[in-house]
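Read from first to last, the chains carry the letters A, B, C and D; within each, the first residue is number 1.
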């Protein structure tokens, strides 16, 4: 039997396949399609301190091999999450990652304090410094190395739980922001969130999305995500979780070769609810066919020219 | 008869469709498929002072709705261009743009001085500050506002010809580099060059491209390009030439609505040599169907929410 | 466990200009679907496309959807051949509630008639009388005329062109209903948003309970991405509305809850 | 003016394991193509795929290519049905030069046999005698055996498995050639790079002129993108090589010019 397990810092996962934030809700709907105890982990929808209804109007635009979304962090807020969603997630029998978003440093601090308290059944906190669909916080913070450093630094001492820092690709140098995350005590970086994009309805002469712009996800962005994972793998020393356009097991292997210790699956689940299960099955077959003892041995094995 | 003509600064074009640098050579091959006098203009392959053989090995990787290239500015060099290619281009009966690349400010200066001399049959110089496939110059210069400003400033006084500045999307703020181009006297900005990406061959565990990374083009990047055009249109006052994933007339209209005065067609020509001709035909039909007197009236007509 | 189906197209039937009834082989959907629910169907573009379920044959293990060509996705789906296989998720969402429904006034416009046909069919089987009011652009665009008549006690058609039934919209057709037609009736409306809004207002005036089926652009169709939300009235203190998933809590909502 | 063709697939013929001959209707390509030239064929992926032209029928206005399934693009092309329409560019590139050719030794491996077959056909029509040396993995993989024999004065097969002709590679088969076979011969080689390199060296030793057909990953196929370059010897002073387009100056080059 091949060993699919991976370790990201102090946390081990049954396999490298984690459901990405915003593309799995809190696991309820996907649990009707997939035995959630078989997947590596699940990352909650981006949470904020207070409930948010998100952005108005049309929130999705189809693009070539991808989609734009402008959900804008619609979520029930921290309290409702703890009461109604976290218990459900805990019952799924998989690793739980909570995606934390905020308008201000203070928001992040409050949430990290609460979610990261020793008792909470949360394995990892993922700091979302990269949502492109809100006007304050998030991507604004994640756009500069200083912003990332200061935010991570401001929350680091508030919890003993691992802190993953989810970064935006909309920067000149991803390795600089990744470095900042590392320097401030982040346990891993998650690369990448969506690329900022625009779709236009020629008939109405308006943006398709009522938020005007949105975040681009799906296979279209995979080459950019892979490049950023590879670039950071060479330049930082904390683990990397790869995200962006992963549709199948071959994509997972590409991300691992590029330097990812684990991966997150976003848009693929929207298209095929059981995508994660199929990917895990195919990863097993791949590892067997290639006589890999441990899938984790692939991480960073890409040989550059 | 509808008026497809557009004006970019002081230069008028019969229509907004220009062949993008690196995706039309010097026009020889495409002239066998298309009556080049019917297109808006042609932009030469990126030129350097001395001949370059470009990067070794595999230079193309297919991606979802796009491709990566790592040609690395293979070109015959300035002298051979002036002798062998420019006369041919001049005979095509369309506007001629020369894409100028360099390793150093000095390179750019020499080339601008020569190509931009009053007598040369060149309508526009396009400063390529964005090629991701060479280690010096280009994208390194274009990655910061200071780099752009200094470079454009250093060549501005050397020619009276219009200078278009082609920018890289691999930056945190495209409007900052666009602003720098404007402030230094650029006549227009060309948005966007390719996104830096990576493709991996799972079997060999090596990058598909022997240059490791390459530039992502094609429909995959269209949402990013549209967003950048729109962002700059709101924040700068010089004209914008839109590039990135344009495959058909509807795409051209989207770019014009977003703020482009003209567009460049890259990858589409690789897939369909007569793409530009078809696009121009369909633009005419569109303008007629929509009773537009002048296609140019579309520029910037996008109504944001 | 629910699953994504690989379902073969088994029949294509042209109904009217640009409207085609597509029948797929899929036992589970045929057996589980309720009127008002929908399926999300793969096409050559990136996202699946949602369509209301129109008929089910739980014996023959097929179901059908009516598709109107409006863009690249529907065009692609309509060029498929019998035998072609589609990835399909469904049945999805919450359909019409028949709780306490004694009589139905089904008001349909355009492709809205497809899910209503399924509702009429169920009503007939449950012995619930139904009145059917359908609006079309013109006679050429019309379909399911005799089918709807068969399932309803009374049928009124309206057409913008005036060449079929009442000249005008369904609002004009509704005026032809007699007071006794309205007694104890529940209104089911599916059609363009503006029509559903007007019919809802009409139902409100006549104090009739009314259910509407909203259409939003979707991605997943089963509740995980939150791109498809509708504005639904909220009783929370400082919150005039909630964003509720059209694909999961809907597509059918009580008209009284919807903020148009 | 050249153009991109919309060409229908008119015949599919299974040749051997994973090897299929596809015939397309296209008058211009059928009439213009020369051996060694190729076509660039659309598939469901982003880029077209290049294939050497295998046969032409300038009367019936068809041409054919032999396709071996090696990945997603060839798989997609091979699942097409007769009647399906492809976007095709061609004939592209420079094929074999017959200038001064008195006799041909055609050395083919795998799919390289397809363009060589076309060359043999032309040679026959021009009255140029040919010897054919083809290598396969095994008997099951072999195809075009009698076809090649028909067009050649002498045919030698080699197979790695040893179950067809000589056991070994084409290099082993070439050893069976008699000195008189080599007299005045020009060698045409198409196959895996390593084979072409070895055969080139063999030809050099025997002082035979040799033409090879290189395969590079392509995008446009007609010379505008520069992604497909080969290293060709240069006589320039400070430049040991030139990057030359495989799709335009090639795919057939004089072996003596190639830097492997």
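Here is the rule we use: contacts are C-beta pairs under 8 Å (C-beta built on N, C-alpha and C of every residue); 3 or more make two chains touch, one makes a residue touch a chain.
Remember, predicted model here, so these are calculated numbers, not experimental data.
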Kindly list the shared contact partners of chain A and chain B, in label order.
-> none
Outermost chain relative to chain A, judged by CA means, is D
Geometric centre distance via CA averages, chain D-chain A, whole Å | 48
Computed distance of Cα centres, chain D from chain C, in Å | 57
Per the centroid of Cα atoms for each chain, what is the distance between chain A and chain C, given in Å?
-> 36
Shared interface positions of chain B, touching two or more other chains = 61, 63-66, 218
In chain D, the residues touching two or more other chains are none
Assign the assembly's chain-to-chain touch graph to one of these shapes: line, ring, star, complete, other.
-> line
Pairwise chain contacts under the document criterion | A-B, A-C, B-D
In their complex, what parts of chain B are in touch with chain D?
-> 22-25, 28-30, 32-35, 45, 51, 53-54, 56, 58-67, 69, 71, 74, 218, 269-274
Inside the complex, what are the residues of chain D that reach chain B?
-> 1-4, 45-48, 87, 89, 216-220, 222-229, 231, 239, 241-243, 248
Chain A to chain B touching residues, read off their complex = 57, 61, 63-66, 68, 143-144, 170-172, 195-200, 202, 205-207, 209-213, 216, 218-224, 226-227, 230, 245, 250, 253-254, 257-258, 301-305
